[in-house]
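For clarity, chains are labelled A, B and C in written order, and residue numbers in each chain start from 1.
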Amino acid sequence: MADEIPATGSASARPGGGIPRRVFLGACAAVAAPALLTAARQDGGAAQGAADATAAPRYDPRVHNYGMGVDVNKCIGCGRCAAACKEENDVPRDPHYCRTWIERYVIKTDGECEVDSPNGGIDGFPEPVAEGDVMRAFFVPKLCNHCANAPCVQVCPVGATFSTEDGVVLVDESYCIGCRYCIQACPYGARFLHPVSKTAQKCTFCYHRVVRGLVPACVEVCPTGARIFGEVQRPSSPLTRFRRFNALQVLKPQLNTEPRVYYANLDGQVR
Amino acid sequence: MQGYIYPNEYELQWSLLIVVYPYLTGLVAGAFILASLARVFNVKEVQPTYRLSLVTALAFLIAAPLPLLAHLGHPERALEIFLTPNVRSAMAMFGFVYAWYLMMVLLLEIWFDFRKDLVIWAEGKTGFLAWFRRLLTLGVKDLSDKSLVFDDKAGKLITIIGIPSAFLLHGYVGFIFGSVKANPWWSSVLMPVVFLFSAIVSGIALMLLVYVVTSRARGKPLDMVCLDKLAAFLLYALVVDFSLEMLDVTQRLYEAEESISILGQMLQNRLVISLLVLQVTVGTIVPLITLFLVAPTVRTKGLIRVPDAPRWLIYFVMAVLIQIGIFSTRWNVVFGGQLFSKSLRGLTTYKLEFLGIEGILVAAAIVLLPLVILWLLVKVVPPWPDAAAEVAPESDESAPLPPAG
Amino acid sequence: MAGRFAPWRVFAAVPQQVRRLAIVVAVLVAALIVARALLVPPTFGDRGHYRAASVDSIEKLPIRYAGHEACAMCHPQVVERKASSFHRGVACEVCHGPAVQHTTNPIEVKPPAPRDRAFCPRCHAFNAARPTGFPQIDTTQHNPGVPCFACHNPHDPTPSHPPESCAACHGMIFRTEAVSPHAPLPCTECHTADPRHKEAPRQWLPTKPVDREFCGGCHAAGAPAPASLPASLRIPRVDLATHGERYVCWQCHYPHYPEAN
């Protein structure tokens, strides 16, 4: 993947001891370079452009097309994804602001289905389910579906939310007027109004990570591999295997939003 | 909260201010339709309300953007809607519909209708008001017959264009809700039509109220023929509005698609008072039956003959009830769409504040503001029939005295 | 003044009202055009109907989680050990938290290493909604008071001895069966499990019965009672030839609680 931190080299020792000066200096530079590059990346300042240009080719969104897969059978409802998302993206920890969350479905033997999501699942699901009359129960992670035909993008009056060339739906925080039409238009409840910035916010597929070749934070910390991030139309992507071997569903297909988050083993009770 | 709602749905996004907004624009559209009844359809009986309707519509239209601005997270960025509008967004395009209606319909029509009066009222006078009136004439002082005929024709043309524009103005607000496929309470083909007809109902009712209040305040007798006609049109509009709402309910219950269960629960648990009591009973059925009995429609007198004195009061009370009903209609649309979860499994609650930018106090102030604006406007362009200026015959050198203030 | 200049004539013929109004409209339109030129952000529209510079600012947001590949550079032994264990799919930062500060300043900034007994149950406490077979424990009964890492190395959490009973991972099935008519039967009565199932559960799956005759082994009309069960136990018998022909038994009878209608 592009934008990797260059590996540290190891200085080779000459037989009989001593290290050639050239090699020693090269080793020092090799050790210092990643620290400098990471610092530049952290800083996000003007130095970034120069550092990236020398370290790796510039990210070109036109050759990427992202999507996500979720395997419902693998989710254990630990909530690490929701917690990591809040940490990575500075989302307020108050209950009602979730870029991603997990829902627990409990289908009883009489057919009744109960759903809950305590605080979005960021502390897991401490309340146990009474086992007695459970027919089936499972967890469903939810997030912004980054729809190819996104209703939120359609209704934004000013062009503050948009779909990038690589298929990620983003929000321009300094342009959003806070009218909340996009929040109303989203069928999946993926958006919220940030209490401080008063602009619309939602999952960004951790775009700032993705352009550096990392995976979104929720995918990174999922311990069971229930979330798979990758590219549509790239044969070597993990998402391709996921799409090949699983019968896929999307949420609310009848609304024709063309979501890019594909669910495997999704129960019909899930809305 | 009961059942399950998505975590982000706890907080309602569109508040009381977003209820006030369609209420105000509805009154604008309705008042204008009444004006066009007089001007285009030549319903002579309501002529006394013609100018009053235009000026009232203007007062409400000026105030209409306020609740939106107050509600925005960043009102200072509001201009972006005009600078970089997303042409696929109903809300963005509505900004232009509003601007079109304000400038090319309402202001133009008022200008063409009042130009002659402004010239005459300001002639020979000094002071701020006279200067302002002269400014408003844009320097067009020509009072010849040819010029006045042109004014009249232009006004008529604008009113004709104005009727579909008024339909567009409030139908668009309905479309903003009706086109949201994510929300089964809003998503409906009927939404723009229901909005429009409830706007017409509220606008005519408003003009009835304004006419009565201003006439009493000025110590003038009520023109009962005018009031009877207003009441008759109110009845017709109410019949259409009620039929549309009944059609919506019937169709929903008949089709009984997936959302019917949670919507039914929401109605029973959250909207009983605002919908069943205020919107349907108080706001529609009671005025419908009363007006049907009292207002003269086909005959010259109503089914129940009521003398003038209590009759105008009955109309007045019915118009007030209708205002309550239409406000409740807007309430039920806006909050109805947000009190249930899109997971179709739960309901939430709306915490109405008293203070705060989205609270009752601010909303009440915004609803009353147009009346203040109206009071100011009638000082500049008094719409009373007796205040209209007459063009003096050319031989007469003394111009008629303009009304004071 | 009119003269022969035709456009002027047309213009003069237009009523004064229209001329004055046209000026007002022209001024407003010009104001809008000027406002657009001045106020629309420079990169707006470059890549679509949005401000292209916003994508650049989003790309520059700070990273908190370094990613599992970053850890391997300095901690290869731990990563290698973990890579062949049950926790191979568990990234380092799942337990150690966001660690990008540690990659830039390894000496002074150390990620936490959770040692408290409340930490592991976040994933491993029993929850009926968790997939069957995922290792789950009852935290009140499983070695109470003993820290988890006393027996399980987090980087290679294979327990010191494999679970003795199937109930350790298949608790809900066990508890369901325990109150059913099939309670006296051990799991091995119907399922054969390779010993490697306890180490690599999904690769060495236990067997399941495949035909009616298997259940008929106890439940057919003339079948002998299994020796392992008390003789007084009443076993329901059916005529296999006619009872529910065309179906296999477990299509109607849930084996872990038969007759649980």
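Definition applied: contacts are C-beta pairs under 8 Å (C-beta built on N, C-alpha and C of every residue); 3 or more make two chains touch, one makes a residue touch a chain.
Computed from a predicted model, the values in this text were never measured in an experiment.
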Centre-most chain [mean C-alpha coordinates]: A
Of A-B and B-C, pair with higher C-beta contact tally: A-B
Inter-chain centre distance, subunit A versus subunit C - centres from mean C-alpha coordinates, in Å: 13
Subunit B and subunit C, separation of their C-alpha mean positions in angstrom: 52
Intercentroid distance (Cα basis), subunit B paired with subunit A, Å: 47
Junction residues of subunit A, two or more chains touched: 159-160, 175
Subunit B, residues touching no fewer than two other chains: 84, 86
Contacts with 2+ other chains: residues of subunit C: 44, 49
Complex contacts: residues of subunit B adjacent to subunit C: 79, 82-84, 86, 103, 108, 111-112, 115, 138-140, 142, 147, 150-151, 154
Interface residues, subunit A side, partner subunit C - complex: 4-5, 7-8, 35, 38-39, 41-42, 44, 48, 59, 61, 73-80, 84, 87-89, 104-106, 124-125, 128-129, 131, 134, 137-139, 159-165, 170, 172-175, 204, 207-209, 211-212, 214-215, 217, 220-225
Subunit C to subunit B touching residues, read off their complex: 15-17, 20-21, 24, 28, 32, 35-36, 39-40, 44-45, 49
Complex contact set, residues of subunit A against subunit B: 95-98, 101, 103, 114-117, 119-120, 142, 151, 154-160, 175-181, 183-193, 197-199, 255, 271
Subunit C - residues contacting subunit A, complex: 41, 44, 47-51, 54-55, 57-65, 67-70, 73, 87, 89-91, 93-94, 97-98, 100, 103-104, 122-123, 126-131, 134, 172, 175-176
